[in-house]
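Structures given as structure tokens follow.
Note that chain A is present in both complexes that follow, paired respectively with chain B and with chain C.
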Partner chain A sequence: MKSFLGFVRKEALHLLRDRQTLAILLLLPVIQVLIFGFAVRTDVREIAIVIVDPTPDLATLELRDRVAASDRFRVVRVAPSTSQLDAQFRASMVRQALVLPRDVARRIGRGDSLPVQLLTDGSDPNTGGIMQGYATAIVQRWYADLAPSRASLQIQALSRMRYNPTLESSHLFVPGLIAFVLTIVSAMMTAISITREKETGTMEMLLVSPIRPAAIVAGKVTPYVALGFLSVLLVLIVARVVFEVPLRGSLALLLAESGLYIVTALALGILISTQAPTQRTAMIFALAGLMMPTLLLSGFIFPLDSLPVWLRTISYVVPARWFLIVVRGIMIKGAGLATLWQETLVLVGMTTFLLLAGSRKLAIRLG
Partner chain B sequence: MSEYAIEAQQLSRRFGKFTAVDAISFQVRPGEVFGFLGANGAGKTTAIRMLIGLLAPTSGSARVAGYDILTQAEQVRRRIGYMSQRFSLYEDLTVRENITLYGGIYGVSDQDIVRRTEEILGRIGLSEPASRELVRDIPLGWKQQLAFCVALLHRPGVVFLDEPTGGVDPITRRRFWELIYETAAAGTSVLVTTHYLDEAEYCNRISIMVNGAIAAMGAPAEVRTRFGAETLDQVFLRLTRPGTAA
Partner chain C sequence: MRIIFFLVRKEFLQIFRDHTTVVQIFMIPIVQLLVLSNAATFDLKQTRVLVVDEDRTTVSAGLVQRLEAGRQFRVVRAEPTTTGVEHALLDREVTATIHIPRDFESDLVLHGRAPVQLVLNAEEGAAVGIVQSNAGAILDSYAAELERSLPRLTRRQSVVGTATLDLRTQRWFNPTRNYKHYMVPALMVALTTIIGLLLTAQNITREYELGTLEQLNVTPMTKVQFIAAKLIPFWLLSLVIFSIGLTIGKLVFGIPMRGNLLLVYLALMVYLVVVLGLGLWISTITRTQQQAMFVAFFVILIFLLMGGLFTPVDSMPDWAQAVAQANPVKHFVFIMRAVLVRGAGLETVAAPIVGLALAGMAVLALAVNRYHKSTA
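After this line comes the complex of A and B, so read on.
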């Protein structure tokens, strides 16, 4: 026990004296939240829109007002015809165009059909879909208000997004970011710090000594567990203060689940370190083998539903996928263990398997 | 049980078809300085790695500090010291922190760590302020001496030194050998590998490994006489390059 504590102390000193790395590790969560919060957003604001209104009347004025009043849209201009639309789309001056027919008010009065054309820049399909949704909602609402008798005959779906009514993307990325940051701090740093000792030759000294390999590994990872928790708290604080991301569930449960995921990541790091001969290889393994799946196959950036079946199958073995469901559940829906026990169990199973595999590999290497 | 500090019997290690160490047998007495000589790739390091428990032998057996390396590895680990070819202290810890860490790992009591730290500093002539500096910042000669003293911190019965004087200046090398003699005089057996044949003359006994086997063994003078050579250099050349007349 004493030798273990001495070992933890040593590892903490390594970490504290490497100021640059420590600064990066502490700033990383903060910067990531800010970048994702401000720059990478999937909710769209200030969509440049052109309204083509060949014959302005009271009805179309009302629609124009409604579009202009929404902070989703910025009306670039109101045009009499579609003649310049192509050029404007190509120059990225506009991203959407709402093309109205002639004599709108009269058509509504007569009860004629009202063909409205909505053109959307589809070069980014995700945002395109979102923009289309916004515009359609406004048009439908406007039509229902102007022609209540006709609208009442139709089936009307009143949609409301639960848990995130304004569709703030920051609510969705913070959980993913927690998984991402923990993968870097726990898995990559563990892998690097163990391979570093292999490279410098100090690992040999430790293996010759009576200290057990399990104690070496436990001593090495302890400071990174602490650093992992610190990162989670940093992400939560920045997300709360800057982006008002809610934490609807229990903080204790969130930290406990994060603790579980930290151990998962550490086990992955240990496994990498048994395979990688140098720090550089360890880093590449961690980047390609852990970071990419965490970003791409966990549902963090791309929704899992939009993945092809074979990729979705692979995603089942990505621990971050399960952790993400848990964190989103706790933070956004306020879910408890009663609903999240299955995902938790999957993570526990994965962690146990990884720890066993890691220690087995470690034992083989020593033999 | 065993009167020898190291006793190897038919110790072998094969890597695939390549035999790195070929059935070597030798004994090292308590308090003896035993030189392990051989060209690069002759199998010295592989032999040492088996004796200190980093590598399992393919066949044969050995006892180190009275315990079997296969069945009693734990006891062996407590009773040996090791200084590797590569520098083995933590560069980003201070001299004192390194000593405390290794003391803790070997289960040396706190009082003993404090006492032995002062002993070590006195022994290698490192000043109080220097002892609080990072190991990275002290001269190489001191680092090597420090690494040696750290390997002896838990008072092992046998210490293994794998090319301890590589890359140090002649004065430090001399000082280093004084440390080795002091250690042996105190009863600790020293097994040392070296490239420098003048250093081999300082050993009580030497063995010269060629292609994984021990080609010659005995006191340096004995070995020279047996080969009718004036220096160990000549013996070494004749063994490693049989075609050349030395």
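After this line comes the complex of A and C, so read on.
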């Protein structure tokens, strides 16, 4: 026990001595959450739209006003003809075009049908669909107000957005960022600290010391657990104070789960480092190997429900996927352990497996 | 020139000697492109819903039936009352609950309108907007269907003429709404960038840590030669990786190539200088590989999340859009999507390519300037 404590002390000193790295480790997650919490948004605004209005009259002016008044749209130009539309779309100068026929007011007055064309840049199907929805709603409301139509049968959907009624992007992304940044930073930290000892040859020295491999691993990880926890606290403070992300569940539970997840991520780093001979391979693996899967298979940006079934099965091995459900559950939905016990159990299982596999691999290598 | 050639050869020998690294460099982007291209989508496959039908009439049953008929919704549970329904949302058992109140049918017959309560789990944000509009579309089409079949007691308003709004919508460039056409080019950029930036960022610090940098420093080569020799191998390697990615994109995912492929490569060659030069610059300002990696990680994350790959740049706040202007990934992803998906020509992408070229020169100058042949 004494030798173990000494070892932990050595690791802590390593960490504290390198002020520059320490600062990077602590500040990086906070800065990232700050930047992305503000910058990453999924709502669609400022859609560049062109209105083609060959014969302006009162009715079309009214429509133009309505489009311009909406903060969803930015009217780039009002054109008399469609001649330049193609080039403008291709050059990405406009994302939407609303093409009105001639003599709109007269047609409405006479009760003729009114053919209106709505062109949307659909290269991104999601944004395309949303843009089309916004423009359609404006045109339909304008028409309903101008032309008396028959009252048709109506089933009204009264929607309620539960847990995030304003669909605030930061409430959605900040918990995701916590999971994401923790994974990468923690996994990378341990992976590098262990492979560095290998590369510089000091691992040999540890090998001949009476400390057991499992204790070496534990000693390596302990200071990083503390560091990771500190980083979580900072990020949570930013989330609460700056973004006002709600914390509807229990803070103690959130901290406990975060602690568990830090160990999971660190254990992942240990496993990587036992496989990697050099810092280079360890880092490529930790960064290039973990970054995109954690980003795309965890539900951080793209919802898990949209994954094809085979890929959803693969996503089960991504630890961040489970932690993200836990963080969002506690913060946004106010869920307790009664709802989240399954995810917690999965994380515990993963951690145990990773730790066992890691220390076993290390023992074999050193033995 | 000969000096550069030998140094490039040395770098290649060092890379290819380390088999683990070689496998990583090629396999990680390829495997991830193949797998993750299927993940980057907002196209919800099936939304699990819980239905509370308090009306229990043929009309309400018909609504449930219409929901189940499409492939967008799957009714996983039906409850007689709303008690305890909340829990299914909390538990993530369902994404939405639909509550058809009592008197649904009679309201429709008597008043011509009836409400349906839709509660959505908005924990995942934007995605529920799609669920909402899907549900709305089903309700609308069911209403139109009932319009013809259901007896109505309300008097219809007298109408002048048969005025109707004939709104025709068209979505250009991606009529099949295939996410892969949009995301695969972006993922190719992301993966090439990650690998290239990581390799260059740790390259010089590694030599510094291992002490071999001193040996290079005592040779007669100049600073420019040194940086050039470090850049060229990874530039070639990244070109190869990207080309493999492009081939996979075409053969496996069938991404469109409407524009000129030469234009893509022209942009790529310039873009790689920016990214790899940036990596080398990071490598000259950091002391340990650990530091180099964290800085590289930070830069990559900013590049990717603020590059319009996953979320639209237009939606970002103004300051973030201004920052994004300095993001090479944003410009290159724009060029890729413009040329491949929209078939844009040189006149559209010339400005960003020139911008990238200027950035490339600036970054290289920085790297050369920061690199000192003597250790302090």
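FYI, the second predicted complex is superposed on the first by the 257 of 367 C-alpha atoms of A that agree within 3 Å, B and C clash if a C-alpha of one lies under 4 Å from a C-alpha of the other, contacts with A are read in each partner's own complex, and residues count from 1 in each chain.
The rule is simple: a residue touches a chain if its C-beta (ideal position, glycine included) is under 8 Å from a C-beta of that chain, and two chains touch if they have at least 3 such contacts.
In this text, all values refer to a predicted model and were calculated from it rather than measured experimentally.
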Message = Between chain B and chain C, which one contacts more residues of chain A in the superposed model?
response = C
Query = Where does A:Val33 make contact in the superposed view: on chain B (first), on chain C (second), on both, or on neither?
reply = neither
Inquiry  = With both complexes superposed on chain A, which partner does A:Leu271 reach: first (chain B), second (chain C), both or neither?
reply    = neither
Query = Between chain B (first) and chain C (second), which, if any, makes contact with A:Ile49: first, second, both or neither?
reply = neither
Task = Classify the contacts of A:Leu254 with the two partner chains as first (chain B alone), second (chain C alone), both, or neither.
result = neither
Ask   = Who does A:Lys2 touch here: chain B (first), chain C (second), both, or neither?
value = first
Inquiry  = Between chain B and chain C, whom does A:Ile284 touch in the aligned arrangement: first, second, both, or neither?
reply    = second
Task = Mind working out whether A:Ile178 is in touch with chain B, chain C, both or neither, as first, second, both or neither?
result = neither
Task = Mind working out whether A:Ser209 is in touch with chain B, chain C, both or neither, as first, second, both or neither?
result = first
Request  = Examine A:Leu354 and indicate which partner it touches, taking first as chain B and second as chain C; both and neither are also allowed.
outcome  = neither
Remark   = chain A residues where the chain B and chain C footprints coincide 18
Request  = Report the residues of chain B in contact with chain A in the complex, numbered from low to high.
outcome  = 52-54, 56, 74, 77-78, 80, 82, 84-93, 97, 100-102, 104-107, 134
Inquiry  = Under the definition above, what is the set of chain A residues touching chain C in their complex?
reply    = 18, 20-21, 24-25, 28, 31-32, 35-36, 38-48, 89-92, 95, 108, 110-130, 132-133, 136, 139-140, 143, 147-165, 167, 169, 171-173, 184-185, 188, 192-193, 196, 199, 276-281, 283-285, 287-289, 291-293, 295-297, 299, 301-303, 305-308, 311, 314-315, 325, 328-329, 332-333, 335, 339
Key: Residues on chain A engaged by chain B in the complex (per definition of touch)   = 2-3, 5-7, 9-10, 13-14, 17-18, 200-202, 204-211, 366-367
